[in-house]
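In the two complexes below, chain A is the common chain; its partner is chain B in one and chain C in the other.
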Partner chain A sequence: MRRLNRYLIFMISLLVILMPLMVIIVLSAGTNWHYPDLWPQTFNMNYVFKMLFSNHELLSSLSSSITLAIGTVILTLVIAYPTAIALSYYDFKGKSFLNVLIYLPLIIPSIAVLTNMDFVMIKFGLEGSYFGVVAVHTLFALPYAIKLLVDNLSVLKNKYELASLNLGASSRQTFIHVTLPLSRLGLQGAVMMSYIISMTQYLGTLLIGNGNFLTLSVRMFPFTQSGKYQIAAIYAIMFMLVTLIPLYIIDVLITPRRKEVRAE
Partner chain B sequence: MLTKKKLVLLLSPFYLFFILFFVSAIIRSFITSLGYYPILDQTKISLNNYLDVFHDKMFLTICLRTMVFAIISALFACALGLIIANYFNQKNSRVSGFFYKVSQLPVMLPHIFIVLALLQLLSQTGLIPSLLVHLGLIKSYSDFPLILNDQKQIGIFLTYLWKETPYVIVTLILVLRQIGSKYQAVSLNLGASKWQTFWHVTLPLVQPALVNAFIINFSFNFGSYEVPFLLGNQQKELLPVYVYDLYVQGDITQIPHVMSLNLVLSLASIIIAAVAILISRKLPGGHNGGVR
Partner chain C sequence: MTYYLKNLSQVKSKQKILDNINLEIPEDSIFAILGPSGSGKTTLLNILAQLDQPSSGEFIADDDNDPKGIMVFQDYRLFPHMTVFQNVTFGLRMNKVNKKEIKKRAQEILEVTNISELSKRYPDELSGGQQQRVALARALILNPKLLLMDEPFSSLDEGLRKEMLNFVKQLQQKFHLTIIFVTHYKTEAYLLSNRVGILLDGVIKQVDSPRDLEQSPNSIEVAKFLGQSNLISGEIDNDRFQSNVYSGPVETEQTEQGQLYLPYSGLVKIDETSYPAFVGKVLNKAWFGENEQVIIEVNGETIFLNLPTDSVEVDHNYPFYFKKIPKVF
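Coming up: the complex of A and B.
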């Protein structure tokens, strides 16, 4: 009985989590799906493939999504990595203040952050520019990236770096051969998280981008709003293709590494 | 080993970026909210905009409604996430490992996914009303209650629950794994019941992480625009939609007013986060134990 119960709870949770994804997959291929049908009358997979691989609008959305995400990942790492090293290796004045500052973009309501930032971006002449949008995405990615890196780096602290420096390695050698390999897991986590955050942003992309960057998540909006669910679902499928599959591959690639680290 | 030069080098990218885009944005909007807005030839500094905010009945109602909604939905997500994470953590690790992977899915997908699915499932001509009609439980779709774009914000609530509960689960499972099962084992061994062990051992250990997740969820629910825009009700407007409409559609003379709203909201959010952290510190597990 207990076993059955456990199984039941597990299945229900699984169903609730996966249900929306199943609905989206059926929506994308089903044609003539009207009330009160429980299942689309016909399926048209060809249409889905044609849209995915040759629709001009969809492909341009894809490319702006990915170029923004790559920019965000790079800018986030450039800022988050040194900050995380300072926070997890050293004690300094103002450390606890910095720890609060990092989380402010998540605590302050995003509508306030975005309208304020838009206001400043207009002043800087960055509204509608690639760098402006990347900066907004980075602002929201930074707290997560820094947290993931700090969690990873503070496990071992800088003991290995000190040993390496004591043994006569230069600080560049120490960074390349000790710090970088040790923070691999944290870096991968930070890359994944900032990629995801950039891909999912809606209002920031639209407002600061001034409509110049119609990413996948931005384009899904008007389709959903106007009831064109099938096209919205096809955009959703493309979104899953370019986020879940690469992240799954990265995850599988680092799993054996994880065991190695634990075995030490 | 730590020289001043090195520290400055390590921290300058963050401070440079933060001051340039974030701090400057806040300072600018603060100056504007005080009435200094040279584009309109307004250079007189006053607190009038802030006084207006606190006399604006419409804004205060919307603000209160949104705050209550954000707190309730964040609490639900945290409670549900805590129960599920604790439940699956006790079981054998293969099931919990698989469940952990699946729980990461909603965290990685944008809100619009669940909105799209909810529209197809729960709108009055959606799949669930259709199913009920087929089963003969309701006569026609009009018997099905309005769940999306309704006055009680059920659609938005469900969306946030679907997105945020898995986030809580993922965070807590990570913490629970880090702690291991040794404390729980000791407690059970010393004769505590399962419930006592959960209440006096597990909960204090995960409490700081849970409060952090609550703050992140609350702030998101309080200030995010897209879901209330798609699933909200026009009579019972939520704050982000109200502020965005004022900013985008309102005329330029409204800008100082919007900026003062923004700062009041930011302050409110920071206060709620600070209160949550203070409560967390006072609770068992807050001051030294626990894992954030």
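Coming up: the complex of A and C.
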């Protein structure tokens, strides 16, 4: 009975997760799908493939999405990793304040943050620039990245670092040989999270990017608004592919597999 | 090379953790620091390992103004992502010793610590005793003059604890190490070291041999911490003690009231001496090896003593004697 329950729960969750995906796939390939038909009258995968691999607009937004995401991942890590180390290893004045500060981008409504960011960006001449957009994406990725890293680092604290220093390693050696390999899982989470957040930023990209960065999400939105569901669905598929494939690669690359992890 | 701790104090968030510690630790010896948890033991070791800076005072040696002890941590802290070999050679690799030398030294030390066959394993594949051997090897490979051990045996089970205790003793003799180790287990401290410092609330209360600590603790705090003693309240009048259990001459600095210190072992005897103590009735006894723990009733008060096995019978009355004049705190 318990097994059956578990099986049922599993199937229902699977259905809930996969149904929207199925709808997107059917939407992208189906032609002549009119109310009240339950199913499109014809399927045409050719159009999907043509769009995916040769549509100039789609490919250019793909490349701008990815370049922004890579920039965001790098900037996020550069800020989040040292912050997380400080928060989990040391006690200092203003630590609890910093802890709240980090979550501000999540607490304050994003439209308020973004309009103010826009002012700042204009003031510093960064509006419409690559760095400006990456900075905005990073702002929203930071809380998640820091949280993931802090959770990871707090488990071990700095006890292994202390052992390493006591054995005569320098701070740099300790960072490379001890801190870095031990925080792999946290780093992996942070990379994945900031990548996804950058990919899904719509408002920030549009507002700060001044229309210079037509990413997948920026292009997709008007299609869904104007009822062009097939193209929107194709964008959505591309969107899923570029999110899931790198996530899988990161997972394979970073997740420590026993015998392969060498600190030398 | 003798090590000196001079007026060492540590204050953290306005709280005094160590208060004016003065110690002299001769080389080629094992010095135990015994204290309850929270007494500042680990803080003291961290300072000696240069993992922490004291608020005041200094730690120096005869010919070294900045000595650094190599630490064996209570939780071993073997790097989980490195094999035993990588763990053991970590210090040498970081100090850029050449590979040939590293291999040679590792081989020697792995053999001494009896873990050669584990060199390719990861820490989580080792038992507690094996992990401790690896931690010891990782420290010993650096040829430390001063080895620091933080509660080294607390996470081992009884049998293994004895084995590792002897092993550490052997290593000390072989490498002529100076070892400072902290523990809250009295037996561990007594078995490993013949000089023990009692650390209570950040203050070194007494440094003595185990026997002297047990037989003549210098304060009631030390006596209470060491446990295994009866404390009998009474009045004092001209160096004479008056209580339900014992009335007679005592050694004391108190003037009106005090507590008679009767350790379970060493002071009270069944054999006659020139210091009669009291007459008591044996209520019960429990065997543990060469001694028995005996419960004695004296004028309505209950006293615990460790006496040689079969020296008394239950329900019999016996006169008891002091080995020397007892102490009152």
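The working rule: the second predicted complex is superposed on the first by the 237 of 264 C-alpha atoms of A that agree within 3 Å, B and C clash if a C-alpha of one lies under 4 Å from a C-alpha of the other, contacts with A are read in each partner's own complex, and residues count from 1 in each chain.
Definition applied: contacts are C-beta pairs under 8 Å (C-beta built on N, C-alpha and C of every residue); 3 or more make two chains touch, one makes a residue touch a chain.
Quick caveat: nothing in here was measured; it's all calculated off a predicted structure.
In the superposed pair of complexes, A:Leu18 makes contact with chain B only, with no contact to chain C. By the document's definition of touching, of the two partners only chain B reaches A:Ile196; chain C does not.
Touch criterion not met for A:Ala29: it reaches neither chain B nor chain C. By the touch criterion defined above, A:Ser170 reaches chain C but does not reach chain B. Among chain B and chain C, the chain that touches a larger number of residues in chain A is B.
Once the two complexes are laid over each other on the shared chain, residue contacts for A:Met51 go to neither chain B nor chain C.
In the superposition on chain A, contact of A:Leu101 is made with chain B only, not with chain C.
In the superposed model, A:Tyr160 makes contact with chain C only, not with chain B.
By the touch criterion stated above, A:Thr224 is placed in contact with chain B alone, chain C being left untouched. When the shared chain is aligned, no partner comes close enough to touch A:Ile208: not chain B, not chain C. Residues 162, 165 of chain A lie in contact with chain B in one complex and with chain C in the other.
Interface of chain A with chain B (complex): residues 6, 9-10, 13-14, 16-21, 23-24, 27, 35-38, 78-80, 82-83, 85-86, 89-90, 92, 98, 101-102, 104-120, 123, 135-136, 138-139, 142, 158, 162, 165, 196, 199-200, 202-203, 217, 220-221, 224-225, 229, 232-233, 236, 239-240, 243-244, 247.
Partner chain A is touched in their complex by these residues of chain B: 1-2, 7, 9-11, 13-14, 17-18, 21-22, 24-26, 28-29, 32, 84, 87-88, 91, 95, 99, 102-103, 105-121, 125-127, 129-131, 133-134, 141, 162, 166, 215-216, 219-220, 222-226, 230, 239-240, 243-244, 247, 255, 258-259, 261-263, 265-266, 269-270, 273.
Interface residues of chain C, counted against chain A in their complex, comprise 49-51, 68, 70-71, 73, 75, 77, 79-82, 86, 90-91, 93-95, 122, 138-139, 142. Per the touch definition, chain A reaches chain C in the complex via residues 159-160, 162-170, 173, 177-178, 181-182, 256, 258, 261-264.
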